[in-house]
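Should a chain be cited, it is by its letter among A, B, C and D, assigned in written order, with residues numbered from 1 in that chain.
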């Protein structure tokens, strides 16, 4: 593999990073937004449709963010205000948004439209090897780097991030400490949804330009799997995204020798997710990782304790 | 359409404020396919005299606006019914992934219900279904495009189905031209082929591409055959079905990353040219050759070296006419280009439209190549040709028969990639 | 600082959890709030923490009326609550825990500084960088206290703080509380542990069934306090004949522990048809003993024999097969299945070997049991629609006709008198037909009236076993309170 | 009063979904009358169409029956898609390998498919009970693994001669085709299997001790355990039975619809069945009409596309609107009820 191949891995993982980090943020707050595959599709469609109509990629990206933000709001509203099971709402929205994207996007199928333009970063792009991989990309890719770092920093190194983790971990205790649990859950669910939407729009405006039915290629489900694989830790989630990109390339390279297996490799994140969970749930591993602080947490990657549970203070 | 209202629906606009742009920015690129955005299936026509206009049923494997294989068929059908002032009944996206609850026999039944006079199943993937349907309706004219069930000499002859015909274009020529164009323009001599699934048809098409490329690389440019790399990757279906196939966008990107400068697409959709356009606009010197549909270069004109395409209109018209005249019987037709003008919409089933990416010098060389194919002075399916594993396919000076080409069992020596 | 509560009232449906509770705590005062489980202590704590809102009543802090509509407001007004389970987030470090929820915009540097300052002042040993999951419960409390002080708590309310900590930790906690009171802090110490309240508090308010039963300065005689905490006299006095059945089971030097609760070195012998009452303050080990005998908590030491057969290795399902039966205190959560009808419960409880249920039979059986157990409900009623008394009757109705051994927590807690009387008349019939019964209760009258023997628990140990016919309520109160007299 | 309130909410939800659906129809310029007419005609207009509607009904009934079992045990078995696939793979194996009369082959296909689905379900169950992997994520993951398996088989060991396509395998021999009534495509045998499965599930859950214990486990596993139920064993049994029934949907898809193995053999029916079961509020009897209605919409979608040129996703949007509004509205109603009850019990968090 040469630098160009690594550059592809980085570029093709970008939508996945937005979606997976977005969902990580949401789940950290204790809300599970299962609608990812549908909302990414809908965002990919609206993002492209708006960009195509207005000619502005920026507006397209914003539209994509807003779309999934609204879908996420429905999840939050259903789960928090209406007290409906979040899993149920998420699954229904997945189906609904998928079909809606196909229906409303009918007119935009495979039209050539605007896309995010490449923008190499001066100086940095000349770093040997890494320059080509990391800095001869486009602004979306740079933003994904920023998102990884900022979300990591926000969650683990700020006061507000502590509150975020607290409401996903022990909402009743957080509430008793004076944290407005449900308001924050709304906020982070919608925020995470917006990043999911950015992931969708990044698909139709960059990674796989244009719109067609089912355009995001199961990336919503893959993002959900990667959140778990990544142990709800932005850095590990991002690693999972890049790993997935790499697996796809490996699959291609394998085709001449093992054509049957190559065809199957793109589903790799799912067994990886399951095996990771089983591995980490093993008693031996748990007691081992408990001994280490930050590193242990990175490896252990436990789910927020109150994930998917609604919190009703009254 | 009420699509501006649709926009109101989209929360996007809540964020953006009111939608300012009210005029439909239908670009020149898409104007030629206005019909594709119209949902109505009845395309023509004022039926003035005939109380019952001719109805053509068309079953497409992908969306009718895929800018590829299915759109080419759709436009062929449109052409035919316009000429006949008939009606077109279309069902698209007929594949198990997109339409799990629709089977070919079911569609055929319904089209017959609607009064279809001729039903055309357009994809290789529909073989089993159309055979089943033809058996159920032995008196309804049907055609399986790309099939061989009506070929008496073929391996899968179904003598018991007298009204199920076959036709297909000799895309081998289109592919040879594509291969030649790629070889002429390529600096690196690294050509990659984005293949769909592997079967007889795709093997012969990719082999034709290779023959065209090698010919122009060695004979026209006078370079050494060993400097030409020709690599095939298959995605597993005619187009991308997430989860079932490899992602053609990723494949195309990886081709470029590994040094390829021309990708020739063999799949129904436009990922290769889209990615090439993206690369080219970022300043890389890469090109692509899409497939199937005349307008495919519009996705990225400057990165396009040309497109070999199907022009189904005349063939559709001819078969429809024979149904109207009561003369339709099952036959197998493998139709070549009209060499006098391969881009004549009324006569040539196979065409090649040169793209903006091709230099004028190379365009001239390509014209010469096309001419030599047309006048019969050049037959690339002539020995000595070996298979990929080194075994002999054709002895020196021996020309391949139709059967040998149609049922191409492997890839040729000099090509890289799996053959089955 | 002084805190004043006036006529706080809170209802949940038909239950009055707090009935016109008034109390005042002056500066430097340590005020005990004593009562058994369900007396209304935790409701009051939740009201003060802003977690739930009172229906009536006023709260005043230093003469200022507080609304306390949210925990935020409670924190902002300087009401600091140390919850029974400290509000610690286990995955996070100590210093992160220190910061979570703080309305202040302090960063880590300030937090480190404040934590070390407060730790030093009170002699806490808290490493700011270790994970909170590595802290003992006592240390978690110290962390919480430090945090509350940092937030500027003026009133400190400690809700059952000693449930899960060791005695050394408790000494340390008490020292801290005294220090704080010495600095003028008002402290409310909520507990069901009489001896701790006596040791620590200046004054005590005793709650029983949502009402104030007494409010007195300490020290005050133990038997007086116990009599105020525990109910007396609601049940009819039906002395029963002494049974002399054959030996059924034997517990020898048995130990077990769960979270929370433990038993140490317990010995108990039970004969057929015998009724043994387990007396003790909440958490003294009665519950753990019952759960260990039922098979939910493994014995770590000792032997548990039934008719000379060692059964300590058997799990709950096996023991069920031997004829054991366990009736939990939390009837809705642990005993009955909400959403299933009485008929379905009956069908669930029968050990019918057939695969298919004959619903007609089940319905008539359910109707029979509803009738026999005087349950106010129909065959289609679901547990959530039944009152506590009827839930308990239903649980008894679902029990096999004559179990070998019945293990029961608080047979009559929360029941109206009629149901309670009924329950005991049924239990006594059972025992007469050979079922041995071991039950825990916080009603001394219940213990002395219905038991043959009473085992008295204190801090996980059975400190005494008395013949119920010879025991008096007063004597029992002293023993439970840890005052050995005999 | 409760029932009345529930009916009021339900009517409200139906009204909302109707209004929203009509809005979408208007948006895509669907002629309302024709669309409504085709909804009925498309599914029931001719004998053939009735047959085809039933053909879609079959997998929906089976997948829903499967989900009723697992939901009763309190499980979110999103892995139902994968179980359908596993059943289809097992049935295809039988169809490809076993020579014999139709009766023998079909019997073995049904048994094989049930076992295949059951094993795939059991895998989700074991991951949940022993591996600590939540059944939702285990199920989703195994769905994709099942897809990977089928793609591997179709393009690899079971591919057609000289072909490497994810299009599907060679059609089965005629002995592995479910028999049909003359002129119709629907197989009465498949319908019978679906109904037998659904009725068995309803019988199992409502009339047997096993079913009762399963439901008790689903509603309150702690209390169920106090009644002497080995709850984790019942969870595994739920996965086995549910998976097996889902596997039967795979059998009918392979043997009665496609007559071969294709990668998308499940047809998304498992996912659709989740919506059906949510709508039916996990009750078997309600599954029958709702699944029929969903099949009707699926057939109508085809007719809408064919005759009115409407987009094929329209039917799905309407289904989605319906389920979303009913689940949100009814969930709200239930939440209120729950809150009232929890107040009565004084059962608060902390």
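The rule is simple: contacts are C-beta pairs under 8 Å (C-beta built on N, C-alpha and C of every residue); 3 or more make two chains touch, one makes a residue touch a chain.
Quantities reported herein were computed from a predicted structural model and do not represent experimental measurements.
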What's the chain with its C-alpha centre farthest out from subunit C?
B
If you tally C-beta contacts across A-C and across B-D, the winner is B-D
Could you state the distance in Å from the CA-based centre of subunit A to that of subunit C?
45
Cα-centroid distance, subunit B relative to subunit C, in whole angstrom:
77
Distance from subunit B to subunit A - Cα centre to Cα centre, in angstrom:
36
Mind pulling the subunit D residues that touch 2 or more other chains?
27-28, 144, 147, 151, 155, 164, 166, 311-312, 343, 348, 350
Junction residues of subunit B, two or more chains touched:
1, 6, 9, 39, 93, 98, 234, 236, 241, 243, 245, 418
Mark out which residues of subunit C touch at least two other chains, giving numbers and ranges.
51-52, 83
Which pairs of chains touch one another in this structure?
A-B, A-C, A-D, B-D, C-D
Touching subunit D in the complex: which residues of subunit C?
12-15, 17, 43, 46, 51-52, 83, 316-317, 320, 326, 328, 332-340, 344, 347-349, 351-352, 354-357, 359, 384, 398
The answer for subunit A against subunit D in the complex is residues 34, 78, 82-85, 87-89, 91-93, 95-100, 102-104, 106, 171-173, 175-176, 213, 218, 221, 224-225, 228, 259-261, 263-264, 267, 270-271, 273-274, 277-278, 281, 311-314
Taking the complex as given, what residues does subunit D use to touch subunit A?
24, 27-28, 76, 78, 127, 131-133, 136-138, 140-145, 147-149, 151-152, 155-157, 164, 166, 271-272, 274-275, 278, 311-314, 316-317, 319-321, 323-324, 327-328, 331-332, 334-335, 338-339, 343, 348-350
Residue numbers of subunit B touching subunit A in their complex, please.
1, 3, 6-7, 9-16, 19-21, 25, 27, 29-30, 37, 39, 63, 65-67, 93, 98, 233-234, 236, 240-243, 245-247, 249-251, 253-254, 256-258, 269-271, 274, 277-278, 281-283, 298-300, 416-418
With touch defined as at the start, can you tell me which subunit C residues reach subunit A in the complex?
49, 51-52, 70-72, 74-76, 81, 83, 87-93, 96, 99-103, 105-107, 129-131, 133
